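Chain lettering (A, B, C and D) follows the sequence in which the chains are written, and residue indices restart at 1 in each chain.
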């Protein structure tokens, strides 16, 4: 089971609406169950550097089936996964990436958001992930 | 002047409609005037390998402000731009990438389409590029 | 639907047997429906340079859901997909990569074989792909 | 002296059995004395992101002929090998990679395991490395 393009576009629409509500300009990426990009949107004026970060957050969330911030809490100096970011062509392990589940609870993809504080990034990603 | 997200989404919608009309499953990428991704959509069942190709076509079209197929006609063995594909992290120089212009004729971005024959790819890209 | 590890190991076993029969030393890679590696085996004495080639052949076959040699027939100078090899971090488009289908005909992964002539590579890949 | 494919497959089988016993889904990679992949297996449902990590752990263990966790203890901020992970196309320096020795104590390859806690990863790698 993998996310469809229609579902991915719904998730992006929900994330964009939340971003507008909190006055943030976001890059929003959706990957499928195979961690491959399905849909992407960069809001006007959003940071260019956040383009790659949003895609890497979505991939990281699907690579390990958990919120990116959890990976980041383990990859700190002295942590059990220190410098895991060097794998897979580069991971992003701070908040803003969240797995997307279908109604049965099966993971069908992930969303990655970047463009503001990590709190805002996470909030917008959650709005997208919660669509289903 | 650069393409807005709203314009990019309109171009993707037009390209998706054309793709459906000719019964093709496409990857569709839109880059802005800076050759950075603005919006992307992978239609359900589209080739995985066309994801990267669609993005590279859009970038190539904006990198040189011409249809990708024109670059490809110059990059053949013996041609003046032989193996230009080695630059910029990899170009794609066969048809399916087209610059997008605004009403004044100014280039504001580009569209790249991949997922079928190069003729179909080009036709769908044209449907997206002509939106404005 | 994606290939299981057990199926992938059966395909590798069948390919190894065929390789031994024709006195060839092969690298054999199996990817899943998402084009991610599931299983790999390098026979003793097989060319080191064929390691990466076998993996890229398997990925290429799944990226475009066709035998790698078909892609290669289109990517020649003057062909419609000239230099497509520059996409996806490097494709291999000569024979030896074949999609793997289940009994319903659905593509569930791919096999890539490298280590001998392309005819031998293809023959060994076919032995692996035909397991199901 | 380098590990044979038969030995590598035995090590993977032992690692898979240990993984099943502790109810973990692992990616398991074996490299030879030249740090090149010999055999690989991704158990059904194992994290996608652990594919690359398991291979990098095996390489790292052979690159320096020590358990990956030892490298990681030296690569922390202020440590003598701070950020060594940037070398060799990316190292993974937390536990789960172990050199493989033959009966004479000579290093003939390495195993890398990823898919669970680093303690589990190390335990499964040890089961594979101890086969001989």
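Worth pointing out:
By definition in this document, a residue touches a chain if its C-beta (ideal position, glycine included) is under 8 Å from a C-beta of that chain, and two chains touch if they have at least 3 such contacts.
As the structure is a computational prediction, the values presented were derived from the model and not from experiment.
The centroid of the Cα atoms in subunit C and the matching centroid in subunit D are 25 Å apart.
Distance between subunit B and subunit C, defined via averaged C-alpha coordinates, is recorded as 29 Å.
For the pair subunit B and subunit D, the distance between C-alpha centroids works out to 42 Å.
Contacts with at least two other chains are made by residues 48 of subunit B. An unclassified topology is adopted by the chain contact network, corresponding to no line, ring, star or complete arrangement.
Per the contact rule defined earlier, chains pair up in contact as A-B, A-C, A-D, B-C, C-D.
Subunit A contributes residues 4-5, 8-9, 34, 36-44, 48, 51 to its touches with subunit B in the complex. Residues 32-36 of subunit C touch subunit A in their complex. Of all residues in subunit C, those touching subunit B in their complex are 34-35, 59-60, 62-65, 77-78, 80-84, 86-89, 91. Every residue of subunit D that touches subunit A in the complex is listed here, in rising order: 47-50, 52-53, 56, 72, 75-77, 83, 85-86, 90-95, 117-118.
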